[in-house]
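Notes to accompany the following structure.
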Amino acid sequence: MATLTIGVFSSLVGSMTLDFALKLAETAVNKGHKVNIWLSGNATAGIKNHQKHLKDYSTGEKHFRALLEKGVEVCTCEACTLARGINKPDAIEGVQWNAMHWYLAKIHTSDRVLHIGGE
Amino acid sequence: MADTKLAFIVQRPQYKSENPKLGITHAIAYQTVEILLEDGETVTPALCFIGDGVLACLKDQKAMGNYEITSSEMHLKTALLVDLDVLVCKEDLERFGITEDKIVDAEDMGAEKKIQVVPFETIQKEMESAKHVLFF
Amino acid sequence: MKLGVFVSDFRNTVDTLDRLKAEKLGIILVQNGVYHASIKENGKSSPLLEKSANLYALSEDLETRGLTGSSVDSRVKVINYSDLVDLIFNDYEKLAWL
Amino acid sequence: MATLTIGVFSSLVGSMTLDFALKLAETAVNKGHKVNIWLSGNATAGIKNHQKHLKDYSTGEKHFRALLEKGVEVCTCEACTLARGINKPDAIEGVQWNAMHWYLAKIHTSDRVLHIGGE
Amino acid sequence: MADTKLAFIVQRPQYKSENPKLGITHAIAYQTVEILLEDGETVTPALCFIGDGVLACLKDQKAMGNYEITSSEMHLKTALLVDLDVLVCKEDLERFGITEDKIVDAEDMGAEKKIQVVPFETIQKEMESAKHVLFF
Amino acid sequence: MKLGVFVSDFRNTVDTLDRLKAEKLGIILVQNGVYHASIKENGKSSPLLEKSANLYALSEDLETRGLTGSSVDSRVKVINYSDLVDLIFNDYEKLAWL
């Protein structure tokens, strides 16, 4: 068992890269690894609760909830999230809120880091 | 008592997605990470600009006046003030004809640190010696 | 057709602009597209500037990126948002954001 | 006075293209033109209310409110918005909710259309 | 009694940002636009695929099974069922070596309409005759 | 270093991959990056496949796009998510998403 931290950044909500990141996390957890997920920039919109799962759209909430139940630590960048009008009561329960140093601290204790940036 | 060395590589120009800006601000966050670490543990990022990413280093970015947002120039000044190593690829600057006098500094804010113009080879070595690499 | 094409990136992933034909073609450089107006690579200006088109670059977006008017290629007309609105309504019937 | 419809699509929230679109709309309105704005895909996240205006982040709410006051019609794609967990009470007041045909109907009566897509 | 002719041009591959998919679904929305228009007014989009956009037309996309989302193939079938003109650039298909038998159809759903493989010149003409052009 | 590089686009706007050096280099094609594994242009396969690297493509992403296993270039190993997790932990120390 090893630890993977995935950094999920801009442009992931509304792109299938978010689906990729969540599926990778799920697979790693199911194989017995520890996974941390850091959300920053636009990706923070993914932790909004009450997402309606329409099959025309990728949706994150169901997958985030499943990951949280399996012990994945998910943390959203507080400033990025508030800038989007998403406050703590609007977020999926169990998601942590912290500053950017949370990501660096998790990286410090991780065996592998997949930082997903891109446009 | 471990230090985790990281290489932050900004390869895209600023001002499209937020991502290249987040490269700078996440590197700056090393300054406060100790509150989440055991005593004596540290994280040390090197912030490197390559490819079109080097365009972030141009002086006189008027983002606040035009769009009410902090410029990458201001973020870079902060990075220098908190003593981050900021490296910019010499070959790419030359390709774009950007001379050192056009590059951001934080002298006006009293920073001693300067952006270091280095060959790509040096940035490659930063990646090799880092535990993890993060591309923006 | 009179077509105004917006170029908002420095590196394009589509080749549409190379195929489109228009009797009157305007290329409007905005966002990171303004680098085409000002940045040379190995001493050469952007191939975009070679096109038979009216070329414009948005002053606010040049300034934001630290690009000064004097660095802008002489083929490119620097315009502001107000000019852009006039251009949209007076000079081009169709607009394309590539 | 003429009419401009701006289509604001994926990847605009979290990018400065949203700032561009809003500033263009404001300038056109100030010059006496009629402007309609259609939000679809990821751009719909921009109509969330209570956005905290931090100067490190582009923010849309202030600008959307100013445009609405000036008579700009702003409409969000209902399905795209609900898929992101943003329900009607979470939205900036005055934003319309409709299906994709709203955009086509506005285009029908517009002199100019700027459809901003991209990645 | 006016008809507004539109050219929807999908130039990017599907499955990254939602944008190229929204090109298909917004074109399909022409079917219900009449509820917002005066009697006799219509909007007629032509849905055109060029460049890497033509990759959307490949058959057997298993997006639902792998990611629980509707495939572009399914959206294209719907487009054909609601009688949209769907044009795909012949030169681009040839460049990618995609033969007509690999292209989505909606025969299984009873659609008579088929995706039309046309030279780029035809798509250029669609843009010229359209009142507005929308690039995805 | 042992570096696993993720390529998620068909058209890249950065040239970083051409400059990076690694003793062990893996190129992992995911998302629209899988087109590199399967699509030829004018009969030629993607230049990416010429690199001295171990090449992988994600089966789920191939299938999603209607690309069949038989169309995948023989230099590319098709892997699934479970294989990818093993690759990340066992074969590459550092990961780069370009």
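Just so it is clear, A, B, C, D, E and F label the chains in written order, and each chain counts residues from 1 on its own.
Throughout what follows, a contact is a pair of C-beta atoms (placed from the backbone, for glycine too) under 8 Å apart; a residue touches a chain by one contact, two chains touch by 3 or more.
This is a predicted model, so every value here is computed, not measured.
Undergrad: Which pair, C-E or A-F, has more C-beta contacts?
TA: By number of C-beta pairs in contact, A-F is the larger.
Undergrad: Rounded to the nearest whole Å, what is the centre-to-centre distance of subunit B and subunit C, using the mean of the C-alpha atoms as each centre?
TA: 29
Undergrad: Between subunit D and subunit F, tell me the centre distance in angstrom, where each centre is the average of that chain's C-alpha atoms.
TA: Measuring from centre to centre gives 37 Å for this pair.
Undergrad: When you check subunit F against every other chain, which residues touch at least two of them?
TA: In subunit F, 8-9, 11, 13-14, 31, 60-61, 94-95, 97-98 touch at least two other chains.
Undergrad: Check each residue of subunit B and list the ones that touch at least two other chains.
TA: 12, 15-18, 25, 52, 67, 132-133, 135
Undergrad: In subunit D, what residues contact two or more other chains?
TA: 10-11, 14-17, 23, 41-42, 56-57, 112-113, 115, 117-119
Undergrad: Going by the touch rule stated at the top, which chains touch which?
TA: Chain pairs that touch: A-B, A-D, A-E, A-F, B-C, B-D, B-F, C-D, C-E, C-F, D-E, E-F.
Undergrad: Which residues, counting only subunit A, touch subunit F once they are in their complex?
TA: Those in contact with subunit F are residues 2, 4, 16-17, 20, 23-24, 27-28, 31, 33, 111-119.
Undergrad: Can you tell me which positions in subunit F touch subunit E when the two form their complex?
TA: Contacts found on subunit F: 8-11, 31-32, 35, 39-43, 60-61, 63-68.
Undergrad: Spell out the part of subunit F that touches subunit B in their complex, as residue ranges.
TA: Those residues of subunit F that touch subunit B are 1, 3, 13-16, 19-21, 94-98.
Undergrad: Touching residues of subunit F toward subunit A in the complex: what are they?
TA: Per the touch definition, subunit F meets subunit A at residues 6, 8-9, 13, 30-31, 60-61, 81-82, 84-86, 88-89, 92-95, 97-98.
Undergrad: For subunit B, which residues are in contact with subunit A within the complex?
TA: 2, 4, 6, 12, 16-19, 22-23, 25-26, 28-30, 32-33, 35-37, 41, 43, 45, 132-136
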